[in-house]
Structures are given as structure tokens and as C-alpha cells.
Amino acid sequence: MAEAAAKCIKGDRKPPFTVGWANIYSVPTWMKQTEGTITDVVEQLKKDGLVDNLVITDAEGNANNQITQIQSMIDTDVDAIVVIAGSSTALNRVIEQACEKGIAVANVDSLVDTDQLTVKINTNSNEWGKQAAQFIADKLGGQGKIIIMNGPAGISVSEDRRAGATPVLEANPGLEVLTETNTAYNSAPAQEAMTSLLFQYPEIDGILSLGGALSAGAILAMDRQGRELPPMTGENYRQFLELWKEKDLTAWATMQPNWLGGLGVYAAVQALNGKDIQPYVEVPLPIIDNGNIDEYLARAGEFPADGYIYSPYDLAMFDQLLGLK
Amino acid sequence: MSGTAPVLAAQGLVKRFFGNPVLNDVSIEIVPGRVHALLGENGAGKSTLVNLLSGVLAPDAGRLLVDRQPCARLTPALARRHGIAVVQQELSLAPHLSVVENVALGAVPTRHGLIDYGRLAVEVGRVLDRLGLDVALDQPVEELPLGKRQLVEIAKALYRQPRVLILDEPTSSLTAHEVQALFKVLAELRRQGTALVYISHRMNEVMHLCDWVTVLKDGTRTADRTMVGIDPPALVRLMVGREPGDLFPPFRSTARGELALEARGLTAPGIQGVDLVVRQGEVLGIGGLLGQGQEELLLALYGALDAQAERLATGGIDRPSRNPADAIGRGLAYVPADRKREAVLLPLSIRFNLTLPGLRRLARRGLRRFAQEAEVARELTTKLNVRGGGPERAVQLLSGGNQQKVALARWLPLSPNVLLLNDPTRGVDVDTKREIYLRLKGMAADGMAVILLSSDALELVHLCDRVLVFRDGRIAADLAHRQASEEAIVAASLGVARQEAA
Amino acid sequence: MRQVPSGAALHARLIWRRNRGQIGLFVLLALLLALYAFLHPGLLSWAGIARFTQNWFPVALVAIAQTLVMLMGGIDLAIGAMVGLGTVLAATLVGESALGAGLGITATVAIGVAAGGLVGTIVALFGLPAIIVTLASSFLIGGAALLVMPRPGGSMPGWLSEGLVGVHPTALLILIVILVAWRVLRATPLGLSIDAAGDNPAGAFRSGVNVALARIAAYAISGGLAAFAGVYVAAQTGAGDPLIGNPLALQSITAAVLGGVGFLGGQGTIRGAVAGSLLLAVLVNVMFFLGLPPVAQYVMQGLIIVAAMGIKRLRERAA
Amino acid sequence: MSALLRHRVTLGWLVVVALWIAAGLLKPGFARIGHLRYLLELASITGIVAAGQTLVVIGGGIDLSVAAVITFSAIILPLLTFPFDPSGMAAVAMTLAITTAIGGLNGIGVVLLRVHPLILTLATATILQGALILIAGGSAVSTVNPAVTFLGNGDLFGLPMTIVTWLLIAAVTLFVLHGTVLGSWLFALGTNDRAARLAGVGAGQAILAVHAASGFCAGLAGLLLLGMNRQGYVGIGEPYLLGSIAAVVLGGTSILGGRGTYLGTIAGSILLVTITALITVVNASPGWRAILFGGLILGLLLISGRERSG
């Protein structure tokens, strides 16, 4: 019997597999869309007889609940667990336990610190911040006053994206950071914060927004005051893309593709099937710019109004990302 | 025994609330082995003086002496260490805690830092027995009827084995039987040399018990003398400052033929199968020992307890009231005994309290009419002589007796058919009592039926057309006015006079 | 004459009497636990009990902490932030400083006691509404946690994690120790004061109870318990996370109120609150094993919480 | 004057003014008329949610479902499009009717099951979350409702509609509290439930009414937010749960009920929004910002929030 190729895999599990999806919070739209890609991939795998059951849990935003639920998944001996972590540290131990039991654990989007799992799949948050900052630096020619909008303090994603921007800002001393905000990744609080800042700073040359619906909030705030919209960065939030088009912005956006969830399922199942899966899969950041934004907006109707227009995916692309073909 | 040094004394005390003087240059000496009566009308400042003597409040001027030593700052904890204990109204009990815990609170015996439950059981049990209070040690206080809570409060003070025992209206909801037990204890304490201060609005108790009397009027001391050679009218004269009339109006029945309320087989938690008929203009008394179902009867009639009955007819409808609002709609009104918890809304204004029950009627289509409200409040305060400030003052700033007047007065605008009164003169001074009696008889004369539950047997004797005596949730005796004497009521309460029942 | 019970008998009766009104909750809880054990027989093993109690433990701790404050007529919205501060302090002091485990844990809990005591002092001495003071404190404490650790990190010694959250019911043991400690504290004058001062502060003061001290003590103990919950969570997760405690603030209040703790003070018991927290913890698991989709999970959870309270009322009405 | 200073509501307002002046001196952009107007617009949302909350709290309860109801309102409105009604008024009316009914259900639960409002409204919030999973994110609706857009962004004689709406709600709330029988009943119930019932207060009706009112206010706030933000999303109501409670208590209303006025809540709402904005323009690390925020609330409370004693 050959050694199982991927981590945690002991080779004693046979298809069809039971897959557990340990969601941290199922109410937000991004999560709902992610769940959509997961059920989609599971349906496809069911046809091949690889998966027969999908178990979904919802920790209601509470990492402690998520620990409990993953524990329960271990207790019922699911074959694979796909997890978006409610805390980068909280789940370490329970995930290590799952791994010891030979359960394939795929961690996507919000990552945990431990390496005792089958595969971590994510875009590179550092890279995100770096590219975004680079866009602003390029558009402003390295000179100008900017505001940085970031997600909530204390969570890894915000910290990582911000850290990625730092070297670019240092390399462009002409960029003056007027101030920084930390709000939830939502448009209403971002709009509130931005409005107060606009009164404070009559001159703003660029907005380095590090994700979510923050940029939409910034546009709404500036629009309300009739301010001219400077170059800005953002994410594939549908409202932002629509405002971008409507206001004819110079902008740049990337995304945290919702199909990371589907990819997680696929990777875990492939690992169980004996495929060699790398412990870390970095998904390249898809980029939206003034060149290709129309392609995205053309598909807008397929996505929820408060959702994210993610790039297309299929299993062949997953194979490629996982280096299986 | 007189002539011994005062254990607690006050000299020239002054106390103001928000600038209003409540006590003015008051001095008092409390001597071991003497029962010292503290008298005065409602709001005269008795409770305030007690609060100063026990460290609850600090005086604005004047000084306190304990064992002739001036005492700079007195707190309740310090007062306890000096051996001063106060029987407050139910105010100091913690309702969710048990009887023992309440009795010992602030003075728990400990062993190795832990509460010594063994000693507690023995010592608290002894005090309760002394007072004839038959309740389980572990029973939460909130489950006790008001009178028993008052006894727990007394037990709490006795338990501390004080050198100075101050009793602020300890008997206001006790019946004759319990009062007797208390008096025996107090007499014993006096013999043992305890200094006692006794506040009451029941003159016969004061006459019976006290050796010395201090009288307050509007915060000033108007008399400080021995009780020797004083008769009840003189006592009242000292308090009121003029010739007192008779406390009770001459009895005259105003009962008419028409039924105001009829109940058959009324059953509710605490009462079983009670039959009862009240006629318009009749005053029906309810008596008995503490907690025999009297209060439950009133609550059941008022829709505040779930009740079943074969017949319960009033206001032209034959069914138990669903809730108080429903009962009020049928012409009932209820004045609770525990005014702080069940009647007045302490932090709200006098006007608010006076207009609340009749508010819906005063208002037009749900909108309040302030002029009318003010008018009603003014009328009622003058009618019942509520003293202690304008209508916008909070009720909690009124003295207890004046709060009681508010609790009663607020029903007048509704002119109910049946008035349910639960100890309506609790803590009310003699003068006001007389007013309330007159008013009550006046309302009966106008055709209102009055059901009067009272712990004061004299009220039942002098005011009622009939008296029902309760035992164990049933009517033990139905005494007509001429049969109803204090002795007969007590006898029926104790179950020795069953054959006399009508 | 009355029969005088022995001290132990009286004490036992006092304790027992306070179960009243909670029987409904206890019955529902027993049913749910039975259902859980039926759905997941693995629960009834050393490992099963160990795992389950480990996940329940932090909620139980904060429920106790919240109840102490609510018994005083207060409320503590800063408990969640305190847990967060506890985890980052533990992950720094225990895991990555020279203090060592014993001193590190002691220091963390001591900081919790001090912070709680400070909040209690402000509430007691200035007469400010507890709900806003503790809301403000939640920002102060949460901010401090962010200063200690701007993002999740740090570490806990492996042996400590193993000791607290290995395959043995240490958590259950600690919980029992805490309950016993409360039992003991409740049998001291201070413990009695905490109950009395919440029930009737003016009356307790008149009886010679030091109400202000009782208040401060309640907040201080509560702060210490929350910080200890933080230490435990840090051990459980192997690191500190400044935000991890946030959902616990509301959860602790829910558990306490489910357990019969009143909003106005004086009413309720620690055991009720622990039962309330257990109900919340079991619910998460039962929902899982029933295989309910998230939608049904939310609806069921809402209904069961109402039912747990409703039963008590219906029983009262029937009585 | 000293009596005036003792009055918490007056103090609350003085603190608002003082804070605006201080902030204006510190940060010149802060005191610009446009900014202050925007702060008032923001405060409108909190203030409207807190109007219902004030009624519930004065009556002795608390409403923990407001956040979920706000979100529910903002999410459900775009789903309600009626071809016969281009103005969007029908959808607005329908949404408000639904949220009022949700509030009413809270009230019925509190009255009939006699469950503490804290628990009941928490359960409602939980169940609404479940409903949101079903409703939100599923279909691709992004209708622009003209009525909602006007409510959120329009103005009347130069006054933003949000503020106009708030003024209306404030007037009605103050009138209900201090000018109607219902208002008096609330004060009575919140002061002493048992005594109030024994005095014939229609407790059931009053509780039902305030919870329905709170549902209405939260629903309305959801619509305004939707209008200002042009797009609803799940979680849009979250900041307003603690926000509304904080505004109520900062405004001097007792969380235990029976004491307070909406005038104070108005000041409390403005105060809260002002502090948040102030924190935004202060350049500091997130940890220090949180500490500053908490410290400011505590400091202002020390000035204005002392319980009257003695």
C-alpha cells in the first residue's frame, strides 16, 4: 500500500465520502454565495459517486461554537472537513485532532495558524495589499494625499492586507497617508467614517481601500458631498462595481473568490482519493480594472444585489490550481 | 428605674431635606428599662428621627451621644455595634432571601469565617417562637403576608439582642393576638433593662405599654414627659394640639336592600368555598388571625388571583373578574395594605398617583387632559388633607400616613360600587384615621358597598354592619354588628367560638 | 415549639429551596442531554464528557461571572472583552514571558480582578448605570487587548493546553471546584451580602451590610472569572485572540436569564445560570446531530429558548 | 440654575453642545455646518430606533430584536415591488406593516407567555436571522425604490428627509409618552409592575403597543439606512442594537424602567454619533481609539449621568 500523498490522509477512507462544511456564520451574503459554490461542487462530485453527503454547520459567528461543531463532525466521523475559521488561532487544536483521525481538512479563506491539516487554500492577503497600494502609487505618480480604509482591527486578514501595503508606501515617500480607518467590511459604517474624514481633509488624491464593501461606502460619502472621485481600490462587491461604472471611476479591484469554498471541497475529496495535494495552495488574485469591468458587470444579474461578482470557475480550473493536471 | 443614665441621647438635632426643615432642634433621651413613646402626626418627623438615631441619615446639626460619649459619625453598622436596633417597616427585608437569612442579615454568627447555620437555627428559631411566629426558617420572605413580614422585621431587631430597641410602627398590620405576644416580649425586655422607643398611631397600645412620651409636631418637640397621669384624650391633644373628638363616628347602618356583590363557592389559592353577600351601603368587616385567607379573598374578588366560583355577581355580570382592569370596569376598587409594593408608585408624583386609576376616564380618546388632572389632584389632596408638598412632589417624599391617603384617595373619582379595603388605616395618625372613617361611612351612605379587611379589631367593631372572621381559608364566623366585640372576634379567630357563628 | 433543625439540615434546605421555579429548566435540560446522548452515544465516555465539557466550560464561566453581577442588580457588558484580554494576556505572560505558567495565570486573573473591581467601584461610588459603564469598559478593555496583541497570536505551553484540554475532564473538575467555591462563599457573610444587596440595597444598608463593598466584590470576582475564562480559551486554542470573547457578552446574559436570574437583582442562582449555559451548549450539539440545516437551527434555537422560559410561567399559572 | 444642572436631560444637551464646540476647536472640519448636519442625519437613524427602544425601556422591558428587524426591513423592501405602484409607497407601507407585526408578536409573546422581554426579543432576533438566510442573497434584486431613495437622500425645504422623519417620530414619541394614557401607563408599569396592574393599568395593551411601536421604528430606520446606503445587506442593523440602548441610557432613562424621557434619548443619540465621528478623525491606532471611545463615554457619563441621590 502506497503512502497516502497528502497530509492527514491515511488511505483507509473509501468513496463516497461525507463532507462537512464548518461555516463560521451562514447569514452574511458572501458566506451564502460561498455555500452556493460548495453545494454546486458537491453536486458535481455526487455524480461521480465521490461524495454522498454534505453536512453544514453554522457557528453563528462564535469561534467557541465552531470548535464544538468541528468536534461533533469528528465524533460522527465525517471524511472531510472544509472550514472557514472564525479565529486564526482558536481552531488549531480541534483541527489537529481531526487530522490525527485521518480526516481531510481543507481550510479556506480565513486561515488557521496550525499546519496539521490537509490543505490551506487562499489568496495572498499580503499580495492583495501590495498590489492595491501599487495601483494607487502608479495612478498618483507616487505623489499625493491618500486615505487608507481597512477592515476591523484585531483580525488577521485586515492586518495582513495592511502589512502588504506598507513596503509600497515606504517606497513612495511622496504618498502622504492622511489617516486610516477601521470599520466592519460593510458599506454603511465605511460611508459614515468617510464622511467625517471628508470634512477634515479638503484634499484627497486617492483612496486605498482594502476590501469588502468599504469602497462603495467611500463613493457614496463623496458623492453625497459632490466631491470629485479620486482613484481608488476595492473588491468585487456588486454595488462597488456598479458605482464604479456609473461614476466612471479610475479603479482597481480584486477579490476573495467565493469558489474557494468549492475548491476546498474538491481538494479534500481529491486528497482522500489519494491525490497528492500541496499543503498550501495559493490562488492567484483575479484582477478587475477599467479594462475588464464590463465582463463582470455583464454577469451582474446572476449575483445577489448585496453580493460579490466572482470570476467563473469549473473543475478543470480547480485541477490546474491544485496542480493535478 | 428612672434616673438611670441615658444609653442613647440626641441634642438639638436638625435635619433638612432639600432645604426643607423636617426636624428642628429636637432632643431626646433614651433610658434603659423604659418604654419611650414617640408620637406625632403623619409627617411629624418620627421616622426621620429614628433614622438619625440609627445612623441611616446624618443630622445637619446637633449631636448624638451613646453612653454619654459624643458619636461623630454613626452608620447602621456602627449603630449595631453600639447595640442599637430598629424595627423598620418591611423596608429592610430582602424578599428573595429566607426568613433566617433576613433575620440575621448584617449580624450573622460565623465559625471559621462561615455562617454558623447551627447557631442560626437555634437562635432565630428561639426569637420566632418568642413572637409566636410560625413560619419555616427557610421560607423566602416574599411568600409571607405583610403582617408576618412585619413580625420577621421585629424578630430581626430582637435577634440582635439590642440595648436600645426602636420600633417604628411595629404593629401597623398585626392583629390583637400577635400584638399581645409582642407586648409580652417587650415587657420582658423592659424588665431586663433594654431601652425601648415605641412609635405607633394606636393610642391604646401606647397607653398600655409606655412610660414616657415625646411628641413631635412639624419637626419640633412639643412635649417630653412621663405617661403617668395621661389619659388617651390628653395624649391625642398633645399630638394634635386641640380637643380631639371621638375616634369612631357613632354607628349607624346605611345598608340597603339591593345586593352589590354576591359570591357563592368562591375558591382561589388560599380560600375555599367562600359564600359572601354584600349589600349597597353596607360595611362588611373581614377579620381573623394573620394570613387566614382574608387578603386572598379581596384579591380573588378583584381579579388579581385566579378564582373559580359557582356564582360571582357584581356590576350586572356573573363571573370572576379576569384582571384588575376588568374588575374596575365592573365597579370594584382595591386599596392594598402593602402600599409601597402594591399601591403607590414611589418615585412618581402625587398627581400621577392620584390620577392613575381614573386616567382613562379623565382622558379624552386616550389623550390626557392636564387641566382636569391638576384639578382632580388638587381636589383630592384637599379632600383627604394630604400633607407634605405640592402635587408634583414624588410620593416617596411623603410620610407613610400621607402615602396611605394617596392610595385611598385615587379611587374616589371612579366612584366604585364595591370598595375593597385592605387595612386602609395602616400607619395613619389618629386625626387622619377619623377622617378616613368619616369618609368611609359617607361613601357607604351614598350606596357604596365597603369590604373592610382590618388587623385592628376596633375598626371592625365600630364601623361594620357585619364581620366575617376567617380561619384556614374559610369563614369561621359571621358576626352581626351587635355581636361583634373585640373578644368575640379574637375568640372566633382562635376557633373557640364556632357555635356562635350565625 | 418548633423543631430546631441542625445547621447542616437548615443549610441544605436553604439551598434546596432555591431550586424552585427552575425545575422546568432542569427537566428540559435533562431531556436535551438524554436526546444528545441518544443521538451521540460517544458522549457517555471519558473522552466524550471531556470534550463536551471543554467546549461548554468558557460559557459556563462567563455565565457565572455575569450572574454575580446581575444578582447585584447590575449587568456586565464587558465580560466578552475581558475574556479577550484574558487570552492575549495569557498568551503573552504564560506563553512568551519569563513569568512561567503559575505566575502568568495568577497575573492574568489578578488583572481581571483589578479591572472588575475598578468597574465595580465606579458603579458603586458614583451611582452610574451599570449597563453604560460596562459598555464603556468593554471598549477600554477591548482596546487594551488590541494594544497587547493587535492580531491573534502568541502561544501557550503545550503541557498546559494538554493539562487543561486533553482527553480528561479537567474542565468539569474546575467547574465543580468553582461551584463549590461559590457554595462556600455564599455561606459567608460576604456571599449573603451579595444576594441581599442586590435584593434590597436600602434595606441591606439599614441592616448594617456594607453594600458598596459587596458590589465591588461582585464585579471583581466576575472580572477574575472572565479573565480565567480567557486563560482557558487561550489554552484551548493555543494562542491569544483579542476579539474571541465578544460573542460571550450576550451569551452570558442569555444563559443567566435562562437560568432564572432577574434583571432587577437579588433573584436567581449560580446553579441556574450554569444550567442556562449548559442548555445553550447542548443546543449547539443537538442541532448538529439532528442534522438541521442552519435555517432550522436558528428557528429551533429561538423556540427552545422561549420554551425554557415559558414552561416556568405555565407551571406557575397552573399552580 | 443649579436645579437645572441637576437635571440629567439638560446636562445631556449641554454636553452635546460643549463636545461640538471642543471638537470644532480641535478639528476645524468638525464644526462645519455640513458635517454637523450629517451627524444629525446619522443620529436620526439611531434616534428613531431608540424612540421605540425608549418606549419599551420606560415600560420596564428591553428590545433586543431591533438590529434584526432593521436588517430584515432593509433586505425585504427590494423584494416587494408592485407594478401598480411606481412611487414605491406601497412597498414602504407593506414593509413597515410587516416590521410592526413582528414587534407586535414580541408583545404578544411577552404578554401571553410572560417571558422576560429580553429573552423573547432575543429569540425573535435569532429566528429572524434564520429567515434572513432564506430571504437574503438568493435572488438578484436591486430595485431602486423612489420613496426609499427620497427618504434616505432627499430633502424638504433644505432639511434632509432623515432629519424631517426623525423630527416627526420625536414629536409623536414625546406626545405618546407625556400626553397620552398609554404613556402614563408605561411609566407606571416600569416603576412598579404589580402596583400598576392593581391600579387598573392595561398592562397587556401597553406592552403590545410599545413592542409594535419598536418594530415600526426599527423598520423605518431600516428603510432610511437602505435609502442612505442605496443597498441593504445582512448585518446593516447590527450597530444599532447596543447603539439604541446606549442612546436611551446616556439620555438619562433608567434601564430598569419607569423614569426617563425621549428628549434625553435625542441628546444621547447625537452624543453617540458625535463621539464615533470624533474617534474617526483622531489619528491613532485601533487599540487607542477604542480606549479613547470608552474613556469618552465614561467621562461624559460622569458629568451627566450621576443618579440623583438624597
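Every chain is named by a letter (A, B, C and D) in the order it is written, and numbering of its residues begins at 1.
Going forward, a residue touches a chain if its C-beta (ideal position, glycine included) is under 8 Å from a C-beta of that chain, and two chains touch if they have at least 3 such contacts.
Note that the structure is a prediction, hence the values are computed from the model and not measured.
Visitor: Would you kindly say which chain has the C-alpha centre located farthest from the C-alpha centre of chain B?
Guide: Centre of mass proxy via C-alpha means gives A as farthest from chain B.
Visitor: A-C versus C-D: which interface comes out with more C-beta contact pairs?
Guide: Spelling it out, more C-beta pairs touch across C-D than across the other pair.
Visitor: Approximately how many whole Å separate the CA-defined centres of chain A and chain C?
Guide: Using C-alpha averages as centres, the distance is 35 Å.
Visitor: At what distance in angstrom does the C-alpha mean of chain D lie from that of chain C?
Guide: 30
Visitor: Can you check how far apart chain A and chain D are, centre to centre, with Cα atoms defining each centre and the answer in Å?
Guide: So the centroids are 33 Å from each other.
Visitor: Whole-Å distance, chain A centre to chain B centre, using C-alpha means?
Guide: So the centre of chain A lies 71 Å away from the centre of chain B.
Visitor: Quick check: what residues of chain B touch more than one other chain, meaning two or more?
Guide: none
Visitor: Give the residues of chain A that touch two or more other chains, as numbers and ranges in rising order.
Guide: Residues 26, 60, 153-154 of chain A each touch two or more of the other chains.
Visitor: Where in chain C do residues touch two or more of the other chains?
Guide: Within chain C, residues 145-146, 150, 294, 297-298 contact more than one other chain.
Visitor: Which pairs of chains touch one another in this structure?
Guide: Result for touching pairs of chains: A-C, A-D, B-C, B-D, C-D.
Visitor: Hey, which residues of chain C end up touching chain A in the complex?
Guide: Touch list, chain C to chain A: 40, 42, 48, 51, 55, 58-59, 145-146, 150-153, 161, 165, 233, 236-244, 247-248, 251, 281, 284-285, 288-289, 291, 293-294, 297-298.
Visitor: Please give the residue numbers of chain C that touch chain D in the complex, ascending.
Guide: Listed in rising order, the residues of chain C that touch chain D are 75, 77, 122, 126-129, 131-133, 135-147, 150, 250, 253-254, 257-258, 263-264, 294-299, 301-303, 305-306, 309-310, 313-314.
Visitor: Contact residues on chain B for chain D in the complex?
Guide: The touching residues are 302, 304, 323-325, 327-328, 334, 336, 341-348, 352, 356-357, 359-360, 363, 366-368, 410.
Visitor: Can you name the residues of chain A that touch chain D in the complex?
Guide: 26-29, 32-33, 60, 153-154, 179-182, 184, 186-189, 191-193, 195-197, 199-202, 213, 216-217, 220, 224-225, 238-239, 300-307
Visitor: Which of the residues in chain D end up touching chain C in this complex?
Guide: Those residues of chain D that touch chain C are 109, 113-116, 118-120, 122-127, 129-131, 133-134, 242, 245-246, 249-250, 254-256, 285-295, 297-298, 301-302, 305-307, 309.
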